[in-house]
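Chain nomenclature is as follows: A, B, C and D, assigned in order of appearance, with residue numbering initiated at 1 for each chain independently.
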């Protein structure tokens, strides 16, 4: 369990490769039931298809959620890239737009929602609050959602305009096409590890 | 700005003085708001009188809040309620000073809307409302330690609540 | 080549081509659903994958196939895995008995007789109703086995709803059965020979409307989409399903949409027949296809326009309005037919 | 009320029901529509929220269900609590303004306005006429954008998504005006102590008039959709009845209270800004159900258009910020031209306003209800205690009283109809 020893150390590529074989870490190519990786061409085709079918979780925390809804509205229309099918259940979502500040009360739920999304998944931190905590440098706010879950794209702004979120989603789509995830090479279910074993309690 | 009280508040004040006399600790007014300070023992009596008396008829509790004045060493806490009468259209502020650890009877029986307010005052300042049906933490996590709105509680950092935040970029 | 051999070859071809065609129709139905949703809402809908976004569904399929397959730890795993198939398979079976062109008669293809139906089954209507009842099990079992309260509520809602609407559906379809004097869908289409005013939608207008409304409930679409009611039950019986298992439910829903559209056009809109006899030179399958498209459009129109009923309102409509109406329709039909004969 | 004429339904059934019921009648109706079930032991507990499509944020309601009927609700809030009030104690009055519009982010200016009104009352600052008119106008634009968003989301909660995007289409026009006026779409931070941050930009008058000429037509269309839709009537009529006495007891204010037949509107009852100088009707309905809350808000949007038009017509010339060097910032355009203004700017930014001791409570009519601000000052540039008694906090508290005995689907409708926003609720 070499990768698991030190939670703060980035593992080397070789370690990640070994851990991938044993299904200890996340990411990597799509696997068939026998553990056989798909050829890269098929992976590309899948990625291309997936990039047009990125369904975010219907989940808003604060102000930014309203701008996220505006992106789904008529003027911006995220449906053009097949993203309008926002799923209310994390089981059917492909990613998460963390829209708003995350408090320590909400943090375990955000992590839980993230974990409930099946792989492959992508996370977009929308708004300064999700990126860094914004002005809410107080006793009850998590200073940046990336301390809890691996984030793919950061969109700063308070709140970001829908166009900015759109650019962020385009960057997510690029990552989808290339099958790159923020959690590549990380231990399986990293956030829960932190919540359970990180000191003190959540 | 302090033009003094308008007539309806004068009536309220007269009525309260007639009923409670010297038991009202002090009346102040600032910017046209009338404030009555009462002893914690009289809290329930004054407020139920405000609720029921016909000339007062404060049928809505606008808000209840706690406050911390650390320089007032004997009674560093304060509970403030803002009352509103839909019948007469006047407002009244009633406050009471509280010592550390001193209880105050709940007023959820008079105005149900005090429920959340009292829970908040408890979790933020540690003011116990005796007889409150459900005095749990409201806004913070259930295992939060300390009373965050007290002046000696730090604004920053994760003093009371626990989520590790020093792992940025590591996981 | 003897005739039975040719029939066998034809059967195999039909059994392969028909589901593939239906799946293609379904893929485009999903695309059109999203496109129409956009149009009704003043948007453009999917645009970029393929011309006008028409390949959108294939992107979704690629995505769903390659998603991780999550099974909740506390679910009833065998049932959880079985439920999508129970929902998926029956709707396909119904396709076998729906005629999409003339059946019987003289040789019409390479000197052989080609029947435009996969199985000429005498009780096609009953098969449709039976398979509709089967599909309820998929929903109920899926909801129950997920071990989630939302799923359970969704499954129960779906169960109660489908059972009560199936009654109304059965009774209104029985009116058509009486008129055609047969339970075979082939005979029912034959009974509607002629122009569009000879179809059953005129004599069976009440039954037809009841059947249409009940079919919306059967399809779990707004205003009767209580099983899935996104705003109430998150995703209802599908809350815990992910990846391709969810995709199968989703797909089954649209296959059902196509199949129910076929049944409605078969029962009330003359099936594969042309609306006017002079237009008979255009083949039957094309007419059936056009009718399906029209009905699917109507279903979508309803879905994106009307808001959802509440659960008790839905049940009272089912039991207090639709069921009495369909029974009355059946009685009147029976009396009139016996009087005429 | 003469104004109730146009809100009468186009459907005959709606007309029959729109006569005014007495309080007793409403009580009796409420009693009749709610199901009073004894818990039989077969209670199903479901947790709605924090992530739930119709919890309008992260409200969490733990429901005890008997079948589909709600026996008990245990609300849980605080998932967005971020200590605004604590933060306010560490900020000068000018710095608090950006915090306030993140309270109720859908109607940010109303929150700015409420805080500034309270601070001005405490400091004794007189807002110049132009500032008051710009505030009034922006506040009403805010109300429109809030209500349109609310309309879209609540009808989406009843089951159709089409309406949602259509409403967003119209909201964008209002947001464009905001962008032109304040530079931001949602969180404006536009009010200042003693006035507003900026003057009206060139061409604003024309564009604003275009929008408010166009909006009532759209509103009429929406109203037609609502009133002629039988399913909507079935879902909304006689659902979630909340009488005026319930409203007072639970401090439920705003449109919900006005739908219960009480013509209470702080814009009329405790006027502020330029509201005494414009004419408008208070929207009142009498049946206290979900349907009437819809009607009240539809009518309020029309009245808002009226107010905005009057503000534009009457917009007085002159300064938009109070020339009060001790308490308010100078007008930005003067800062680089005028040394006194520059000194004032430095002073206000680095030191903050010099505020007398005292405490003050001020309520404004925010789109969601009455928003009260309590400020206690011990002198100096920072308040000693700030409390925002925001409408959603109390509306969220009243949810059990609103929905117990109703069905799950009704809970969604009722929760949507009281309009709770969690940033506002959790502070």
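Operating definition for what follows: a contact is a pair of C-beta atoms (placed from the backbone, for glycine too) under 8 Å apart; a residue touches a chain by one contact, two chains touch by 3 or more.
All figures in this text were calculated on a predicted structure; none of them were measured in a lab.
Common neighbours of chain B and chain D under the contact definition above: A.
Common neighbours of chain A and chain D (chains touching each): B, C. For the pairs A-B and A-C, the larger set of C-beta contacts lies at A-C. Legend note: the chain whose CA centroid lies nearest the centroid of all displayed protein CA atoms is D. Centre to centre, using the average C-alpha position, chain C and chain D are separated by 46 Å.
Chain C has its Cα centroid 37 Å from the Cα centroid of chain A. Chain C has its Cα centroid 62 Å from the Cα centroid of chain B. Those residues of chain B in touch with two or more other chains are numbered 139-141, 148, 153, 155.
Touching two or more other chains at once are residues 52-53, 78, 81, 83, 86-87, 164-166, 169 of chain D. Those residues of chain A in touch with two or more other chains are numbered 73-74, 88, 105, 138-140.
Judged by the touch criterion defined above, the protein chains form a pattern that is neither an open path, a ring nor a star, and not fully connected either. Across the whole structure, chains are in contact as follows: A-B, A-C, A-D, B-D, C-D. Those residues of chain B whose C-beta lies close enough to touch chain A in the complex are 139-141, 143, 148, 153-171. Interface residues of chain A, counted against chain D in their complex, comprise 57-63, 65-67, 69-70, 72-75, 88, 90, 100-101, 103, 105-106, 109, 113, 135-136, 138-141, 158-159, 161.
By the touch rule above, chain B contacts chain D in their complex via residues 1, 30-33, 35, 59-63, 65, 67-69, 80, 82, 86, 89, 91, 93, 111-113, 115-116, 137-141, 148-149, 151, 153, 155. Residues 7-8, 10, 104-105, 107-108, 137-140, 142-144, 146-148, 150, 186, 190-191, 193-195, 198-202 of chain A touch chain B in their complex. The touching residues of chain C, counted against chain A in their complex, run 34, 37-38, 41-49, 53, 56, 58-63, 65-70, 230, 234-235, 238-243, 246.
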